[in-house]
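First chain A sits with chain B, and in the next complex the same chain sits with chain C.
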Partner chain A sequence: MTNGKTKILIVEDEKGLREGIKRLLELEGFQIELAERGTEGIQLGTTNEYDICILDLRLPDYDGIEVLRQIKLIFPNTVCIMATAFASYDTAIEATRLGAFSYIPKPFTPEELLYQIDKACQQRRLILESEKLKKEREERLLELAYEKGRLNTIIKSIADGLLVVNSKGEIVYFNNSCLKNLNINSLKIGEYILHKIPNQIVGMINQLEKDNDPNQSLINQIEIINNNGLYVEAACSPIPFQDGKYSGVVIVIRDITQYKKIEIIKSQFISMVAHELKTPIAAVIGYLKIILDENVNIPAEKEAEYLERSAIRLSGLVELVNDLLDLSRLEVKEKKREFKEIELVKLIKTTIEFLDLEIKKKNIQVEFSSEISEIKLNADSSEMNRVFTNILSNAIKYNREKGKIGINISIDENYFVVKVSDTGIGLKEEDKERLFQEFFRAKNEKTRGIQGTGLGLSIVKRIVESYAGKIEVESEFGKGSVFIIRLPVVN
Partner chain B sequence: MPLIVIIDDDVDIVEASTLILQSRGFSVLSANNPNAGYQLIKEKNPDLVILDVMMDEPDDGFFLAQKLRREKNNVPILMYTSVSKTIGFEFGANDMVPVNDFVEKPISPDQLIEKVNLLLNK
Partner chain C sequence: MSVKDKVKKILFVDDDIDLLEQLKILMEIRGIEIITAETGKEGWEVFVRERPDAVVLDLMMEHKDSGFVLAHKIKKTDYGKKIPVLLLTSATYDTGYKFDTSSSEEREWVKVDGIINKPIVVEELISKLEIFFESNK
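Let's look at the complex of A and B:
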């Protein structure tokens, strides 16, 4: 019926009747198959789906009711017509209960049969049509469920917490990140939650409800776990009804802990910078004020000394500003590097010559040795200069009078290794780790009076690491330090 | 002649402060770190302590002030600060910072003398 002719199965033990019906219906354009016995009928009727079956109620082997039952079990949409000469009320009821469509009493005229067949065809068409609609609806529902599920999965997976609360303060929706970002163990849809969420969020919800402005959103930063354990930004927006009235809020809760931590580090750094800048200024102003103050008696020989000290402190300040600028350039990588081939041995020797005056002042002996005569690096020469100037001037500054500085270059697998050793004051164990931090300066009786910005080594470390290199220090307090710089060999 | 102990890790600040105070007739002793300062206070029992915050020392100025108060030493303490304005922290005498008054660096001779006299005359 779906594709072409309507297929009809006739199960009838009486040969003449069987063949007669066949001929009649074939003339009407139906496709007919015949079965003589119940077994045969069940076999055919349960393997192919016929549009219509005409079943004799009394068959030699089976009851027609049984054949009906078996066929309907497999193909419930096959329209079955029961034919019988012994119509009884009971069998009619039983057949109808099992899904027979109609009843045709024997003997019947061709017109009677065709009338029944026509009605059965209509029934079959209706059944197929409604089946088709049902299937379409199911498919659409499935699609809808899939779509809903997909959206749900997406919302559940995002890192931002999502919480929807209705006007009664009950949860309408939430995702997993919402629990995480509010540090709540569990929530239930429909539960009243205003006592479970931070006061600041409740405040925003109340504000939005009061204002009833669909375009208004409120944002607040909230500390969920103290000491920057968890910091979130909660953005609340009202959800209007179709009539524009307030029906609830949707709250997006974003974890901004990392951002807050960076903010704190930044502000700590700024206050450290301010402190470092202000300290020498305070010293210079201190001296200038006492020189200018008539009530302060300064011994004549001291005045020149104070001016000299002021000049030294101001030079230190200039050095600090330069270091800060270098640090910020390294930080933002704003400065364009000029890569070129640098000869490392030559660079270090030039640096030693540059620092000759200070070396001679302290009567320091410099020993230079290298396993390799020529080392080529591809780097920015001003940066490399900075590295070795800082390291070598430290080796001079923190050395003793008539001390020694050893510079040794070797090659270790994929690194050029430059070791700079001194016979200076050395480092205490606890100072080693913090040595490369900004503004860290080892403080003890031996470092007092030695000028420094506390930025030199952190600049060195940043530069060395930006070339995928490493810097470390070995030291013994009171004896001296060895700074070991490794720079990768690039072919 | 009242004795004042100055504790500050900046040698120039110590030098300038010493000179201001000596010019007004005070006896001055100084130390460059909190530990040496603590020893000096124990030994000399001064009338006033001028103490720098010394934030970069492991045991800073706050720590020393707390330690003295814990030991029931109620010597007046005048604290030098340099960054209170920049970091937005309002210094005030409390349990955390048990000092009597503050002087913001850079110091001016008149202001320092005024605060010192006020604390000594209490």
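Let's look at the complex of A and C:
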């Protein structure tokens, strides 16, 4: 019926009548199938959904009522018309109870039959229409449930905790992150919660309720687990009723532990910088006060020595400030790096020449060797200069009188390898790992009096790593160190 | 009785050679001898050998806590318990190590008898030593 002809099944044992109905209805444009016996009728009627069935009440094998029952069990929307010469009140009731649409007494005229069929068609159409509407409604409901479920899934998956509390302090809604970010094991919808959540949040809730301003939000940072185990930022906003009255509060709880950790590192770094700046200044002031103090009599050569020491401390301070500026430039990647082709062998040789005075002062012997005569790198020359000046001046500074410095350049698969060895004081095992940290300086009897900012190697490491290179140190305390710098070969 | 009668020799442990030199000058004109060490390790050796009448030590030397470690070692000895040990630091607020020695509980925990801030004001050092002898009469 929905697509094409209306399908009608006729179950009738009287051959003449069966064929007669068929012919009549086919002329009217219906699609007809026939069954002589009840078995056949049940078989056809329960495997195909017919729009209409005309069932004889009395069949040789089955009662027509039984055929009706079986068909209705499988296809309740098939419209069934009972036809019989033995109409009785009881059977009519029974057939109607089982879902028969109407009754047509035998014998009937073609007009009578067509009238019944017409009514049945209308009924079938109504049934199909209502089925369709019902299905559509069900689909919409399903979709709505799905929508709701999806929104729920989304809220539950957010990393920020979400907690909704009504004006009685009971939970209306919460997601999983809320449990995690408040370090609470379990919550129940409807449960009174104000004793379970941090006081700062309760304070904000009370404040919002008191102020009753729908546009006000309050934010607070709260330590949930001590020692920076868990730090959250809780943002509370009121939920107004339609009449504008306070009805509750929605709280978003964000985990800010990582930010807090960075903040601490930053403030520790600043404290260290302040400490490093203050120390040389204090030393210089100390000397100046002694020189200026009339109560203190010191010989002229001592005075000169103190001024000399002050000058050394101040130049150390200038060096420190320069290193800090370099560090901050490396930190903020905005530093204008000028990449151009530089020749590494030449750069290292120039650096050695530049440090010649210090090398001669300590009577140090420098041995230079290279497997490769020319190494082309695309790099910022001031950065590369910084790296090798730092490594080489360390090799001089921490060397012994009449010591040696070896510089060897080689190639190892994808890296150019520059090894700078010295015969200096070397490193203790425990100092090796800390060597590249900011402000770390090995402090022992041998480093006494050697100036340094503690930033040089950390800057070198940052530069080398910014070129996808590596820096390592091999060292034996009291014998010397080897710094190995690897820079990638770029084709 | 003034500090000078009690304290004739102070051990000063700091890794800043300039501060050692300055304190030496400033204390010696007051008639107090200063013996020095530059590391916690050396400080311990000098303490054992010289038995100073007071110890002033820097907090951060070869390690961040070298001063604490040395103070702890000194205060564990019978001799160390009898003399004032002062911790020298500019770190109190700067480096996030916040501590104080105003109560005996704190002094017990830090294992020192007082804290002096850098740069050292000689008068402050002397008054801290006086406080120690006053309260340990």
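Brief remarks on what is shown
Throughout what follows, the second predicted complex is superposed on the first by the 387 of 491 C-alpha atoms of A that agree within 3 Å, B and C clash if a C-alpha of one lies under 4 Å from a C-alpha of the other, contacts with A are read in each partner's own complex, and residues count from 1 in each chain.
The working rule: a contact is a pair of C-beta atoms (placed from the backbone, for glycine too) under 8 Å apart; a residue touches a chain by one contact, two chains touch by 3 or more.
Since the model is a prediction, treat every value here as computed from it, not as a measurement.
After superposition onto chain A, partners chain B and chain C are found to clash with each other. By the document's definition of touching, neither partner reaches A:Leu144: not chain B, not chain C.
Legend: residue contacts after superposition of the two complexes on their common chain; A:Lys278 is shown touching both chain B and chain C.
In the superposition on chain A, contact is made by A:Phe439 with chain B only, not with chain C.
With both structures placed on the common chain, the touch criterion links A:Arg309 to chain B and to chain C.
By the touch criterion stated above, A:Ile411 is placed in contact with neither chain B nor chain C. Residues 267, 271, 274-275, 278-279, 282-283, 285-287, 290, 295-296, 298, 306, 309, 313, 443, 448-449 of chain A lie in contact with chain B in one complex and with chain C in the other. Of all the residues in chain C, the ones that touch chain A in their complex are 15-19, 21-22, 25-26, 29, 38-39, 42, 61-62, 90-91, 94-96, 118-119.
Of all the residues in chain A, the ones that touch chain B in their complex are 267, 270-271, 274-275, 278-279, 281-287, 289-290, 293, 295-298, 302, 306, 309, 313, 439, 441, 443, 448-449.
Only residues 9-13, 15-17, 19-20, 22-24, 32-33, 55-57, 82-83, 86-87, 105-110 of chain B touch chain A when the two sit together in their complex. By the touch criterion stated above, chain A contacts chain C in their complex at residues 264, 267-268, 271-272, 274-275, 278-279, 282-283, 285-287, 290, 295-296, 298, 306, 309, 313, 443-445, 448-449.
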